[in-house]
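What follows is a set of structures to go through.
Across the two complexes that follow, chain A remains constant while its partner is chain B and subsequently chain C.
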Partner chain A sequence: MTDAASAVLSVVLTVVVLGVGGLCAAAFGGVLAGPSVRHGLTLPLAETARLLRQRRRSAPGADLLLWRIAGAGLVLVPLLMLAVVPLGPPPVLDSAVGVVWFNTADVAVWALVWLLGWGANATFALVGAFRFLASALAYELPLMFALTAPAVAAHSLRVTDIVAAQAGLPYVVWMPLAFVVLLVGVAGFSVWGSLGPAAGPDLAGGVLGELSGPDRWLALTGRYLLLVAGSVFTAALFLGGGAGPLLPSWCWLLVKSAVLVAALVVLRNRLVLLRPDRFMEIGWLILLPAALLQLLVVSLLVTVGGWS
Partner chain B sequence: MGLSATVDRLLGRLALGRLHVLPVEVPGAGELRMRLEHACRVRGWPLATSPADADLLVVCGSEPHGDLAAALDRVWQAMPGPRVRGTLSAVPELPGVLDELAADYLAWNRAEDPLPSAEPDQHGGHDMGDHDMGDMDMGDHMGDMDMGGPGGIALASGADDRDGLEMDVLHLPLGPALPDWPAGLSLLLTLQGDVVAAVEVTAAQRIPVHDPFAYRLDWAARLLQLTGAGALADRVLAARDHRLGLTGSGPDPVDLRRRIARSWPLKRALRGVGPVDAVDVPVEWGGDCYDRLLRLVDPGNDRTAPGPAVQDLPALAELLPGLLTGSELADVRLTVASLAGLAFIAAETSAGSPVDHPVGAAG
Partner chain C sequence: MNVVVFIIVFLVLALVAVVSGALVFVIDSMARATYALAISFVAVGGALVLFGLTYPGVITILMMIMEMAIMAVFMIMFMGMNPALIPMSMVHGQRPALVASAGLFVLLVVGILLAPWPQHPHAAPARARQLGQALMGDKMLVMMTISPVMFATIVAGVVLASHRTRYDRFGDDLDRRVASDPQPGGVGR
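So, the complex of A and B:
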């Protein structure tokens, strides 16, 4: 297959995986929440129809340009995140610093979610935006260190190398803390579940509270897509990507990502909303030391023990 | 947005499975609202979190007047459309009202229902800054106007906060149409950041109810919802619906209380929030939010014992400012939700007091 055709295939595959993944995540969430399975499965379709039919409105003085850029950005960033992950064929962007690319993308979410809250020109939305920034301060550093652990073990920041290095043993077996910290980070930048006080019910929807119509659709879809992109990346980095017997590699990657997405969707309402002040304690006193400890152990094992 | 009529109708039909409902309770019509919520849940219609999220605005109870009517108008203005407004005044109307509203939603015509213009309206010198979240939200409004801000609304001015830093002052009304908020209560908060600098109680009304335990379960569920424990909240709602006779079976209240008491994240989230000294107030209101939550779901409280007499109402209005000033917005919501089931309702003292319901009925 020529390079151009391969690149096109990778792009299409990335878009399809994201789209289908988001759809399934939303449908699964609906099945868990709704009165019947059939109702839950049609949730994405019904909500999309409802939101497309809705008018757009905003508060006077809202910064429409930045507000709408934020919504659109939330759909684009997951595409960028997934561009470095091999989904079967080589990734769209086989960057030598793929892990750093992913990290940059998730830091970009800081700006996007904050703009969603600030651009709306409403008090609840603004409070939500600042809650998100406070939560982000708590999960971001641990996330960065958790991303470093597989890179140290594989001696490379390229995601394809990290996936290849797990041919023998997936990294989750000897880096479980980093795996958990990364998943917490994925929930964090997706404004999901316990780490979603920025969009909490006590703020009447928070950063999402003023959105309507297609703007709302973009923001809500963006959250699901971030969740899926983060889960696929975690599966590539810790669960061995496409490695596995019998099934082709793309199939295994999808199965592993689906398990992670399902776990995050199930946990959405089961715990409590971690308000930023409380999450700050957890992030800096528990997650960060755990990530650093994990990194220390991995580094020792790699340099002294010769593991990889 | 030039959607042709057929596409619009098709989208409408697809959306009928999930219309977002914003129920607004006229004080005294709590049970109506609970039945409406149950009916919506059975259909799979979620409750709206904000007016921008809402398709149907349903007023439960008799015709609202005064502040509530004004609040409803602002909420209506904030709804983007397709939007339908309906009233539910008696239980037998219930299934019919929802079907009617769904049909109106489908038949909604954009041209017949224009959005209000974005011009801020002037009310006697005060710029009410037409923020479309109605009584849920008011961006900036201060006495001395500097009309140079965006949309013609004044920029927020700053003042020293509790740490001596200058921070913007925002005024936020928490009003009658807010979801998970007591119907008879209206507060005007002065916020700096998300810390409350001052609280003004603009309305506080005690509501006589027929079955306090159902209300307690309702408020326990809403408190759990605000805390983020959605799964537990759904169980408590199932218990509430069973209590109201809407379902044949429901969770055992004793088991429910045990499950809630065992939840360690819940304890960590609610411990130390909204502490009330039971000095001048009934013992029942004392403790922190966690204690009050346990009291709300305690089936041992299922008695027709009347709550504190109406003379306690001034004490409530005096208690809130002292309790809420200096806390964060999240704590305000949690504290008010925990007090609402205990302090804002009172058992009817008329002869029609509820018959002994079997405590801990396992359906």
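So, the complex of A and C:
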């Protein structure tokens, strides 16, 4: 296969994994929400059909340019995140700084969610936007340190190298804290579950509240895609990527990612909503020390114990 | 990469950086000005990546998006502004600002034109090392000492500036088990 053909295959695979993954996550969420399995399974498609036909509405003076950039960006960012992850064939962008690339993409969500709330020109949406930034200040630093642990162990920031370095033992076994902290971060940048007060019901939907029609569809889709991209990346970084017996490697990666996505969807409405003022302390007093402690242990094991 | 492609990509990135940077002063919306500046920095980061400085390039993009997101909060907090109702000028003190920026531009361009750039591509890393040595070499100990002092200064500054001290939080004898804070925290203290 030529280079061009394999690059095209990687791009198509990335888009398909993200799209199908997002659809499955939304359908699973629908099934859990009830009232019937059939209703839940058809919910994503029914919502898509409804929203794409719905007429857009906006408050007077809405900053439409920034608002629409935010919605479109939320769909684009997960694609950028997955571009550095090997899904079977080599990644679209086998970057030597793949981990930092992922981090940059997830920081772009700061700007996008804030703009989503700002552009609407509505009070609750703007309050939601500020809530998101406050949550982000609490989850982002622990997330960054959680990302460094596998990179230290694999002596590389390239995701392909980190996956290859886990051939013997998946990193989750000796970096469980970093794994959990990264998953909290994934929930954070997906405005998900406990970390979703930016779009909370107490704010009438917050950053999502004023959205309608295709704009709303983009934002909701972007949230599911972020969840999927974050889960696939976590599976690559901590669960050994495609490593596993019998099944081919792309299949294993999908299975592991699907388990993570399913867990996040199941936990969505089962944990208490954490307002940013509460989560701030959890982030800085529990998650950050946990991530730093994990990093210390990993660094010691790598330098003194010779682990990798 | 093909030289022509390289030059075209560079010119596009440079154009985006300059145009969106200039837009910051033209646009009358705080949010748009902030994110125009962010786009400018992203283009600069892209140019760094193009030069093969992948890590500094990607980190520049990361830091700048984060900074702009936080900067927007502060700008709106201190200047209170609505995207529709109060369009406001993004410039003030125009004459000194123009003089300062034109002077800086001339200085940088003169520096670029006068610097003895290495002619051979393989000479560049050696020159970069020389530059690093000249900047940091025998001053490493000083820098290592200054950084904790600076950090301590920041912490001390915050402590002095904070109007609520540990005595307000834990009582005059510091014997209150649960701090009395205006905002309850999340870990049950």
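In this section, the second predicted complex is superposed on the first by the 308 of 308 C-alpha atoms of A that agree within 3 Å, B and C clash if a C-alpha of one lies under 4 Å from a C-alpha of the other, contacts with A are read in each partner's own complex, and residues count from 1 in each chain.
Throughout what follows, a contact is a pair of C-beta atoms (placed from the backbone, for glycine too) under 8 Å apart; a residue touches a chain by one contact, two chains touch by 3 or more.
Predicted model, so just to flag it, every value in this text is computed and none were measured.
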First (chain B), second (chain C), both or neither touched by A:Phe124: first
Contacts of A:Met280 with chain B and chain C, given as first, second, both or neither: second
Partner chain(s) touched by A:Leu45 [first = chain B, second = chain C, both, neither]: first
Broader residue contact with chain A after superposition on the shared chain, chain B or chain C: B
Touching partner for A:Leu301 - first (chain B), second (chain C), both, neither: neither
Touched partner set for A:Val107, first chain B, second chain C, both or neither: second
Which superposed partner A:Pro35 touches (first chain B, second chain C, both, neither): first
Which superposed partner A:Gly61 touches (first chain B, second chain C, both, neither): both
Common interface positions of chain A, toward chain B and toward chain C: 60-63, 121, 130, 274, 277-278
Chain B partner contacts - residues on chain A that touch it in the complex: 34-36, 39, 42-43, 45-47, 49-50, 52-63, 121-124, 127, 130-131, 193-194, 196-197, 200-205, 208-213, 216, 268-275, 277-278
Footprint of chain A on chain C - complex, ascending: 29, 31-32, 35, 38, 54-55, 58-59, 61-62, 65-66, 68-70, 72-73, 82-85, 183-187, 189
Complex contact set, residues of chain A against chain C: 60-63, 65-66, 95-97, 100-101, 103-104, 107-108, 110-111, 114-115, 118-119, 121, 130, 133, 136, 140, 157, 274, 277-282, 285-286
Touching residues on chain B, where the partner in the complex is chain A: 1, 3, 8, 10-20, 41-44, 49-50, 52-53, 55, 78, 80-82, 110, 115, 118-120, 129-133, 136-139, 149-153, 170, 172, 178-180, 191, 193-194, 225-231, 265-266, 268-269, 328-330, 333-334
